[in-house]
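If you scroll down you'll find the structure; I have some questions about it.
Order of writing sets the chain letters: A, B, C and D. Residues in each chain are counted from 1.
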Amino acid sequence: MKKKLITLHEFSERIPSGATLLIGGFLGDGTPDLLIDEILKTDKGGFTVIANDTAFPDQGIGKLISQKRVKKAIVSHIGTNPETQKQMIEGSLIVELIPQGTLAERIRAGGFGLGGILTPTGIGTIVENGKPKLHIDGKEYLVESAIKADFALLKAKKADFYGNLTFAYTARNFNTFMAFAANCTIAEIDELVPIGGLNPEEVVVPHAVVDCLIRGNRS
Amino acid sequence: MKKKLITLHEFSERIPSGATLLIGGFLGDGTPDLLIDEILKTDKGGFTVIANDTAFPDQGIGKLISQKRVKKAIVSHIGTNPETQKQMIEGSLIVELIPQGTLAERIRAGGFGLGGILTPTGIGTIVENGKPKLHIDGKEYLVESAIKADFALLKAKKADFYGNLTFAYTARNFNTFMAFAANCTIAEIDELVPIGGLNPEEVVVPHAVVDCLIRGNRS
Amino acid sequence: MIAEDKAKGYIARRVAKEFKDGDVVNLGIGIPTLVANCLPPGIQIFLHSENGLLGMGPIPPEGYEHPNIRNAGSSSVSFLPGGAIFDSAVSFGLIRGGHLDATVLGALEVDEKGHLANWMVPGKMIPGMGGAMDLVTGAKRVIVAMTHVNKNGSPKIVKTCLLPLTSIRKVDLIVTEYAVFRVEDTGLVLIEYSEESSVEEIKGLTAAHFDIDPRLKTIER
Amino acid sequence: MIAEDKAKGYIARRVAKEFKDGDVVNLGIGIPTLVANCLPPGIQIFLHSENGLLGMGPIPPEGYEHPNIRNAGSSSVSFLPGGAIFDSAVSFGLIRGGHLDATVLGALEVDEKGHLANWMVPGKMIPGMGGAMDLVTGAKRVIVAMTHVNKNGSPKIVKTCLLPLTSIRKVDLIVTEYAVFRVEDTGLVLIEYSEESSVEEIKGLTAAHFDIDPRLKTIER
C-alpha cells in the first residue's frame, strides 16, 4: 500500500509554480504553517490561493502574500492584511471576494461532486453581477459554481498512517471540506497515531480523500 | 430557559395528523422506535414521511406503513418492505423514489438555507423528468429543490440538557442533517448527560437546531 | 450631543435587552461584542462565532489561552459548558438556515428602507464581506448596533445607501446612542430616544425620513 | 453451459483481481459482496458502505454483533482498525465526488454501449434506486458483476436497455461467469472468456454486438 507519510522536502517538490491551492485556516488558526514555510524556502510562486482569508502579513497565508508568491487570492475577507490590500490596489494581486458561507459551500460542492450551489446570499448585491439566478418555490437564488483545486494544504491534529484526520477545536474551519476538493490533499499533522489509534467516530475526515501526511513540529 | 426534555405523551400531543415528518435511520438503524410506537398508540395518520427507506414491515418506519398511517413516502428505496410495495400498487400510498445521495443533499440544503442542489445523479434517467437542468463548465446538472418538514424525529445516543447530540456508529446516517431541516426537531436519546458532559468536539449536532428531547429505554 | 465615551456602552446595553433567555446570537466585531457583558439578570444567550463554535465564553485569563480556541476576530476565547464546535460549512448552515435567533452588526450606512451597507467603501476600504452577507440574509433577526453619526459627524442613517449593500434583506432594528428604530414595511419607525437628546436633534442627525411610534418613549438606561 | 453453483464464485474471484492495494471500493448486495473474500494475497482494499462507513470488516462472530454497526443491507458488520464513520451526506460526497476507486454492482440489463439498468422493472418490481444512481454516476470505475443470463436463460447483455437506466455514465467492465468485457467508446470488447465455454457460445448468450480484443485470453481461474 502507498505510504502517505512524506517529508517536507518531498512535499515542496510536488507543488509546481502556478498551482491552485486550497489552504485551510481562519486568520491563521488551522493553517499548515510548516507547509507554507517550506514553499517559501523554494522560489516557487504564481499561485492561486483559495482560503477564508489572507490572515496577517507575517502569519500563515499572509507570508505567501508578503513574499509575492500569490497572483490571485479567492477569499472572503482581507481586512486583517494591509499587504493584501496594498498589492490589490497596485494591481499586482488579483483578489476575488466571496461571502464566507458561499465560499465554504462552493468548495464542499466541488469535493462532493455537485455542480455548484443555490444560495440566497448575495442576491440584490454586487455579488450577483454576471451570475445566473434561479427561482425555486417563489424565492430567488444565486447559482454559484463549485470550486476545486490542484492541492489542498490542511492542518490536522491527529492522523493515523492511512490518513484519517481529526482537528483541534476551531482549527477545523475550512479544513474538513477542502480535503475533498483537491486532486492532491496534503495534511500537516500534530500527532501520528497507529492504525486503530482513532475511534471510528472520532475521525472527521476519512482517509479516502487524504493523499499525503507531513509530521508537524509537535509530532 | 425553555426545558427541552419532554415526555412521550407530550411528544405525541404535538404531532398533528397530516404532518410532514423527517425520520432518521437506515433500514431501522438510527430510527427513533419509541417515538414511532408512541404515535401508533394514538389514532393519528395521514403523514408524509421523508426518510431513507421504509425498513421492514414490523420495524421502525415500516410499522407506520403497516398500520396505514402514511399517505406519502419520500424515500430512496422500498425493496425491503413488501407492504410498502403492496400499498403503492393498490394506490393507497404515494411513493416518491429519490436517489439516496440526492435525498440526503436536498434535506441538508433545506436545513442549511440553500434553495436546492445541482447534481449529476439522475441525468439521462427517468429521475430527470420534468426537472430543470443547468450547464456549468460544460457539464449538465439536475436542479433538485430543497426539502424541509414540520418535524424531524431523530434517534441520538447522548444528549446534554441543552440538546447537543451524538450518535451511535452507523445510526448517524440521515439524523445529522435532518436535525436542521424541520420546524421542530425531536430526538429520542439513549443517554442524558449533564451540561458540560460532552466534549465540544464530540458534539455532532449542536443544540441550536434541537427543540425537544425524549429519554429512551436505555437512559 | 452624547459624549463619544458614553455612546458605546449606551448602545450595547440597549441591544442586550433584545434577547430572550436561550437565544442563539452572533455578535459582530466592535460595539456588538460588548453586548455580551450587558445582559439583564436571568438572561443567558448562546454565542455563535462563524469560524465554528457555539457556546463561546469570555477571553480566558492570561496563560490560559488555547491556541485553537479562537473567535472570528482571531482573539483567544473559551468554551462555556455545553459548547460545540463544527466546521465552516455547518457554521454557515446554522446562519443561512435561519437557526440564529439574532445577529448584531455594525454599519457604515443604513437606509430609510432598512437596507444595510457594512462591508466596503469602493476605492478606499475593501475588507471584504466575510460572513456579513450570510448573517444578514439568514439570521431570524438582524440588529444594527452603531453610533448615530460617523467620525466626521455625518449621518449614517441615509435616504438610500450609496455604498454597496450587504443584503437586500432589511434589518429589523437599529440601535444608536440616540435612538432605537424599528424597521417596518413602510420604513423606519422611531420607537425610543435618549433622554439626553430630543426628537428634533435626532431628526437633525438623521438623513432619512422616519415615522414616530405613537408609544414613543425614552431609552431606559 | 457453466453450472449455476460455480457461477457466483467465478464472477467474484475474477472481479477481485481488478483492485490495486489500498483501493476504496463499494460492493453491492449479492455477488459483489462475495468479492471481499476473494482478494489475491497482498491486496488490501477499504470497503465503503453507503450508510456511512469506511473500513468495513466481516460479519462478527455470534454474540459480538453491535446493533449500530451495520452495512447497507442491514447486516451486522464490524470495523477494521482505521475505520471511520460519517453521515449519509458525507458518504455520498465520497461517492459523487469521485473518491471511490471502484463500485461493483449487479445488473438487470447492460447494453451494447455500456449503459446499466439495475433498479426497477416497471409495473413489476420497484425496489427503488437506493444509492445505485449515485454510485454509477460518481465512482472512478464501475464494474458490473452478474450472471451472463437471467433465471429464464435470457441474455442480460442487450442491444439497448429496455428497463429504466441507472445512469448515462457507462460502466467500465462487465464480469460474468462466461466472459469479461471492457467498455470502450466504440462499445463492448470481449477481453477474456471462460475455458469451459467458447466465443461462439458467448455470442449465443449475448444479445448485443461486441468486438473481440486481439489479445483475447481465457479467464484465469
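By definition in this document, a residue touches a chain if its C-beta (ideal position, glycine included) is under 8 Å from a C-beta of that chain, and two chains touch if they have at least 3 such contacts.
Bear in mind that the values here come from a model prediction, so they are computed numbers and not experimental data.
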Chain whose Cα centroid lies at the greatest distance from that of chain C: D
Between A-C and B-C, the pair joined by more C-beta contacts: A-C
Between chain C and chain B, distance of the C-alpha-averaged centres to the nearest whole Å: 35
Between chain C and chain A, distance of the C-alpha-averaged centres to the nearest whole Å: 29
Distance from the mean Cα position of chain D to that of chain C, given in whole angstrom: 56
Whole-Å gap separating chain A and chain B, where each centre is the average of the chain's CA atoms: 32
Residues of chain D whose C-beta touches two or more other chains: 53, 85-86, 89, 92, 95-96, 137-138
Multi-chain contact sites of chain B, meaning residues that touch two or more partners: 105, 108, 112-114, 119-120, 169, 200-201
Arrangement of touching chains [line / ring / star / complete / other]: other
Touching pairs among all chains present in the structure: A-B, A-C, A-D, B-C, B-D
Partner chain B, residues of chain A touching it in the complex: 105, 109, 112-120, 132, 134, 136-137, 139, 141, 143, 145-146, 166-167, 169, 200-201
Of all residues in chain B, those that touch chain D in their complex: 26-30, 52-53, 75-80, 85, 88, 95, 97, 99-102, 104-105, 108, 119-127, 168-177
Complex interface listing, chain C residues touching chain A: 49-53, 66-70, 72-74, 85-89, 91-92, 95-96, 126-134, 137-138, 164-168
Touching residues (chain side chain D, partner chain A) in the complex: 21-22, 24, 44, 46, 48, 53-55, 79, 81-86, 89-90, 92-100, 137-138
List of chain B residues in touch with chain C within their complex: 1-2, 108, 111-114, 160-162, 164, 180, 195-196, 198, 200-201, 203, 206-209
